[in-house]
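Labels run A, B, C, D, E and F following the written order; every chain starts at residue 1.
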Amino acid sequence: MKMIIAIIQPHRLEEVKEALYEADVNLMTVSEVLGHGRQLGVTEIYRGVKESGNLLRKIRLEIAVNDNFLDPTIKAIVKGAKTGELGDGKIFVYDLKDCIRIRTEERGSVAIG
Amino acid sequence: MPVAAPPVPFIDFGNTAWVLISTALVLFMTIPALALFYGGLVRRKNILSVMMQCFISMAVISLIWVAFGYSLAFGPGHGALAGIIGGFDWAFLKNVGMEPSPYYISQSTARIPHIAFMIFQMMFAVITPALIIGAFAERIKFSAFLVFTVLWSVLIYSPIAHMVWSADGIFFKMGALDFAGGTVVHINAGFAALAAAIIIGKRKSKKAAPPHNLVYTAIGAAMLWFGWFGFNAGSALAADGLAASAFLATHIATAAAAVMWGLLDWLLHKKPTMLGVATGAVAGLVAITPAAGFVDIMGAMAIGFSVSVVCYFFVVVIKPFFGYDDALDAFGVHGIGGLWGALLTGVFATPVIQSAYKGLLYGNPNQLKVQALVSLTSIVITFFGSLILLKLIDMVMGLRVTEKDEAIGLDVSSHNERAYTLVE
Amino acid sequence: MPVAAPPVPFIDFGNTAWVLISTALVLFMTIPALALFYGGLVRRKNILSVMMQCFISMAVISLIWVAFGYSLAFGPGHGALAGIIGGFDWAFLKNVGMEPSPYYISQSTARIPHIAFMIFQMMFAVITPALIIGAFAERIKFSAFLVFTVLWSVLIYSPIAHMVWSADGIFFKMGALDFAGGTVVHINAGFAALAAAIIIGKRKSKKAAPPHNLVYTAIGAAMLWFGWFGFNAGSALAADGLAASAFLATHIATAAAAVMWGLLDWLLHKKPTMLGVATGAVAGLVAITPAAGFVDIMGAMAIGFSVSVVCYFFVVVIKPFFGYDDALDAFGVHGIGGLWGALLTGVFATPVIQSAYKGLLYGNPNQLKVQALVSLTSIVITFFGSLILLKLIDMVMGLRVTEKDEAIGLDVSSHNERAYTLVE
Amino acid sequence: MPVAAPPVPFIDFGNTAWVLISTALVLFMTIPALALFYGGLVRRKNILSVMMQCFISMAVISLIWVAFGYSLAFGPGHGALAGIIGGFDWAFLKNVGMEPSPYYISQSTARIPHIAFMIFQMMFAVITPALIIGAFAERIKFSAFLVFTVLWSVLIYSPIAHMVWSADGIFFKMGALDFAGGTVVHINAGFAALAAAIIIGKRKSKKAAPPHNLVYTAIGAAMLWFGWFGFNAGSALAADGLAASAFLATHIATAAAAVMWGLLDWLLHKKPTMLGVATGAVAGLVAITPAAGFVDIMGAMAIGFSVSVVCYFFVVVIKPFFGYDDALDAFGVHGIGGLWGALLTGVFATPVIQSAYKGLLYGNPNQLKVQALVSLTSIVITFFGSLILLKLIDMVMGLRVTEKDEAIGLDVSSHNERAYTLVE
Amino acid sequence: MKMIIAIIQPHRLEEVKEALYEADVNLMTVSEVLGHGRQLGVTEIYRGVKESGNLLRKIRLEIAVNDNFLDPTIKAIVKGAKTGELGDGKIFVYDLKDCIRIRTEERGSVAIG
Amino acid sequence: MKMIIAIIQPHRLEEVKEALYEADVNLMTVSEVLGHGRQLGVTEIYRGVKESGNLLRKIRLEIAVNDNFLDPTIKAIVKGAKTGELGDGKIFVYDLKDCIRIRTEERGSVAIG
């Protein structure tokens, strides 16, 4: 079991979700974060002051998958999120020791999906 | 035996106080009320763009109005065009000063200053194109919006206002009733909005996004309700019994429409919604606008209860069926609600309110015919006029932002700003 | 020698302008002001339900008011009930038109249209039950709320308004002073709120949740302050010296109460709070309401400074002690503040403002007795009346949503909506 | 042959209605309008502190005003000080009642009650120190703020108001024109703000934080625009042609300034911004304030278009150059905009509006000299007065919160509160 | 050392916290997320349009524990969050390599609690 | 490769970012969370009711680094965040199995920076 954390551009969320559905990955947890990466952030100006914080709005996806789903999931995310421009984002992968479905108390691989 | 001299008009302080505060109330309707009502309905990334459009309309149209918009709409016309559009006699407010206004309703002598009438009307000229924003929200280019709004105001708003409200106007002469702008404001903006939704095309996002802040929308609706008393009761141009009556009719129709939309939601979708009640209230305000100074509470209730049914049908059934993307239902609420109100004014106008005017129900079927004719003609003018105008602008400079800018959101892509920060 | 004919009442435009704008201001107090004030205090998942309750009260009570509520409250009474409730003579505004209002205060002839008085009073009839929302927020069933509000308005509000304000009313005849609704509005709503908090029971959540948006609450308080000038100074029914005096008394009492609540927070909890100052301001507005047209600035200050002490004690000490869950302190602020104001009106009413009325401090201890008697009688009526009414509704249809729906939040569970989106 | 008795002043209801509603509008400018405008610009953790400062100013200054502030500003002066400050004759509103106000403009007899004038002016006395909040936002100690605001109001506001507006005042006698407070309100607050920014020093955070909620700022700006009609047109003290003219001039200057700031943003930073348009609107409102009752629409446009250029330069270029931390541009907009407006009043005042007053452009260069002299003297008084006052307060009790409290945010550290919750 | 990520229904947060306290687990980090799981999301309707995004409001808990606390913590979460209905949520478990208490610079197991 | 999760005081964010830049760590993902730790939370009072929830506002940093950057990064965070008072926060470290730069589809160590 693996946990995939993907940081993507907010305006690619719909495409990524669509690509994931096509890859049969339907479960995920989404949140809004601020990302600091290589992308330059000067798109905001307030009364002449440029916002140089370059913490940019990003979407964070958290997706737990069984090992055989790892590569298809990564491919789907890349397919949905990639534009070739700075700021497209990153994907991080961890090992997952366990997974419990609260409703049924099932554990492990079976609980992921 | 000396003949009594005709009474001389004078400035009445009570009436002037009423029209000035009404003017402020109508400004309040555009900013912040409409800006919030619409702004809450769009996605977070587009709220500033909608508010910006409301603000800049206020600023730009106001300047155009004193320059020549008012003159074109309410100034004396000339020659063959006199019935269609005014001339430039009052451009830059030449001859428009502190003297009693030539426009008035019930009192022949207790008047308001001419500039008070002019600036009251200015706020109508501002809010009308601002209503159209609802149709092309979340995807229009700011520069194209600006060009459209200015040209539309001059080429479509001023003539229609002239036709309906000027003593020279052809619709006015036909006896069309439009107390506070059912035709001039709502039909006019609403059918322009339909044209805009068609020309600019659908938003790119795959699914409808929920409103990002319904609290703003609810506040906006409440503020519209509040400000609309200036719009409708201020249109009596005096603080008299007619103003009180228009105030009452406005309120009752709105209450009825709000209740009805809530009921429809309850019946058809199991639960009444805040957005539904707010939308119903706005539909009621729209529909009573042409009728406010002509109907009693029975008429107001009939208009209010029925308009929600009609608009609900357009917003929930017709729009998805045809698939035009009238993003915030500018057409469904203002176009349809305005048309419905204009027609029903011809039905429910009662001589009890203003003895000179009566509708179908009071033995004057002709009034309904006039209302229908004038509404339809106005629809044709504004719909095709806007269609052509938008098409031209699209050809010259492009109406839409790029797909990427739309995805990023107009606040950042068109205005370098974000409405909200994410961390403290 | 001919006797001079009695002067004929006429519609004064200045007074009418004032009462119409005051009416709009009182609408503004319910929506958006109260909706925001209360809405900011609840949890995020319940704000729309609170706003919805405010909106729907505005719509529904307005319709009932023109149908027969106004007639019951202000219309001529008949027979033995004449002192308690009006008849149906003015139902559907029969005989209520543009002629000078039979209700007026200082000017005998410069009047407002009767419908202006009626619609001004309508806004009071709307806001009163809306205040009760604070007691049962976050857990009441929408349908039960609706039934309660309608019945309460007809069975409790209209009679009490009649008793206090109609020329026939028994309290009126006893000489009770209630300039703008200390008894009719605040005691009435506040003690009904206590009944409601008791009957509906506590919220399920284990701990008090902090207000989800104090900015809304602060805006709401500011808007209430603004709108209250219409409420209190509009109650002069003319734009005269009395109106200016009521305006001033309202403002000064509010300022004093806001300062005092801030000081109490500072003394007792080390820091002054925005919520405290806003709450104090509302308490001041409440307490000055019955007194606004009878007291000078010394009286206004005394009322303002003292009411915050009293309400603070009820909200911070008494409520936790007894443990009723008056969620947003509708009882603690409106009930207690209204009672306090009603009593102090009997102390500080000074003949300098209206020569006919004076309180204890000006040599008329009887006024205080009358105030106490009328307040207590009203409390008994509204508290037990509301208790019975709520109990009946609870038995027939249930007052509360299910525990799960309460946990999920009323916005989604009762209205299919959410106020805010979470991602862009 | 009997000489006609001089006409007796009387209370006119229309004028009174207008001044009362204008008073409410000016209250609305401080809370919620200014509170929102400023509150949206600070970081999330400081919004309540800014709103609190606005609220408490409203409460505290109002009490001081009736106690003796009004008497000092508008009451009769005595002896050598008569031109500089009033006496205590009107303390606690002694002799200030319902009789016709001794202050009026155009009508000699159709007046408002004296208390109406007093309370209208009270709202000016409240908003002026509240404007200064913009300079020391996000770092001032609440107690120090309170002491400063009270002392500043008494020691600086009342005298300057007396000098400019009282019949005894030295600037008034010199013929200074200040229709609604360009000098008394905006220069006064703006240069005090500069002193405050210098004395209190920069905020600690390493980089400028973006505004936490521009929707609030935009709503606040719209509400300021709305309320300013009370401020400027209400200053006619009557609902007459002059009021309508001041209303119009106010609106046109604001529209022009909003457009111009938008254009500058567009030219210099590629995109027009909502914050820019809102800031421009406020700059326009500020600059037209002294001129509103003296200029026609040409003058209003000239003032509006030019003020945005001047303020833009100060906010975007001068401020970063000198490095003072005028956090929300209270100096850049109110100080500079007020000065600019005061000077241009001396240029564009036209006898067409008030026949007695004309500026440079209409052949009276002396008016400009008077404007310049009075502005500069006022600047010297308010700047050095505020500097000394702040320095003293800093020495006695400290002006700033601790570095840690500043980092945590004033809402929690000074008021035990948070504006928003984070989870449902 | 383990890191536990639990996604639960927002309206079960109080119960979960209580159950955790009873199990002597007092430290945690909480955030609001959008979850896409098996639960159907049609509870929102705007002007007749059903919100079919089925991204539902969830609470995300992040709890670092020493190994002996793993099972009690999971049990407590399940106890507080379980209603037996779709949408109850999931629990994910990772290995934690290290943990540092910033205040004291303590590291490892001792820093967790 | 390691993933570092740091929970810090919101008002130390600027100092932490600065310390990270000095340590040449420029990439991160930031979000706002509620933390329940040892710090006592009674700083909020509403109408006399003390907010006893003691869920306090915190900032969560998520930083993926190559192994040689682990210690410098932790040091930098501690340097920026430490005040010595309760509530300073914690740092958690996981193993990272993989990292993908969406823009280039690079994987592993090279994609981290």
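In this section, a residue touches a chain if its C-beta (ideal position, glycine included) is under 8 Å from a C-beta of that chain, and two chains touch if they have at least 3 such contacts.
Every value quoted in this text rests on a predicted model; they were computed, and no experiment measured them.
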Q | Set of chains adjacent to chain A and to chain D | A | B, C, E, F
Q) Where chain A and chain F touch, do the two copies share over half of their residue numbers, giving same, or under half, giving different? A) different
Q) Between B-F, A-D or C-F, which repeats the contact pattern of D-E in over half of its pairs? A) B-F
Q: Could you please state the distance in Å, as a whole number, between where the Cα atoms of chain A are centred and where those of chain C are centred?
A: 52
Q. How many angstrom lie between the CA centroids of chain C and chain E, rounded to a whole number?
A. 45
Q: Report the inter-chain centroid distance for chain B and chain C in whole angstrom, where each centroid is the mean of the CA atoms.
A: 33
Q: Please list all residues of chain C that touch 2 or more other chains.
A: 12-15, 17-18, 21, 45, 207, 210-211, 269, 271, 273, 275, 409, 416-418, 422-424
Q | In chain A, residues with contacts to at least two other chains | A | 10, 30-34, 44-46, 55, 57, 94-95
Q) Given which chains touch which, is the overall layout a line, a ring, a star, complete, or other? A) complete
Q: Quick one: which bits of chain D touch chain E in the complex? Just the residue numbers, please.
A: 422-424
Q. Once bound in the complex, which stretches of chain F touch chain B?
A. 10, 13, 30-32, 57, 59
**Q.** For the chain D and chain A complex, residues of the former touching the latter
**A.** 207-208, 210-211, 265, 268-269, 271, 273, 275-276, 279, 312, 315-317, 320, 329
Q: Provide the residue numbers of chain A that touch chain E in the complex, in ascending order.
A: 3, 17, 26-31, 62, 64, 94-103, 105, 111
Q: Provide the residue numbers of chain A that touch chain F in the complex, in ascending order.
A: 2, 5-8, 31-38, 55, 58, 60, 74, 77-78, 81-95
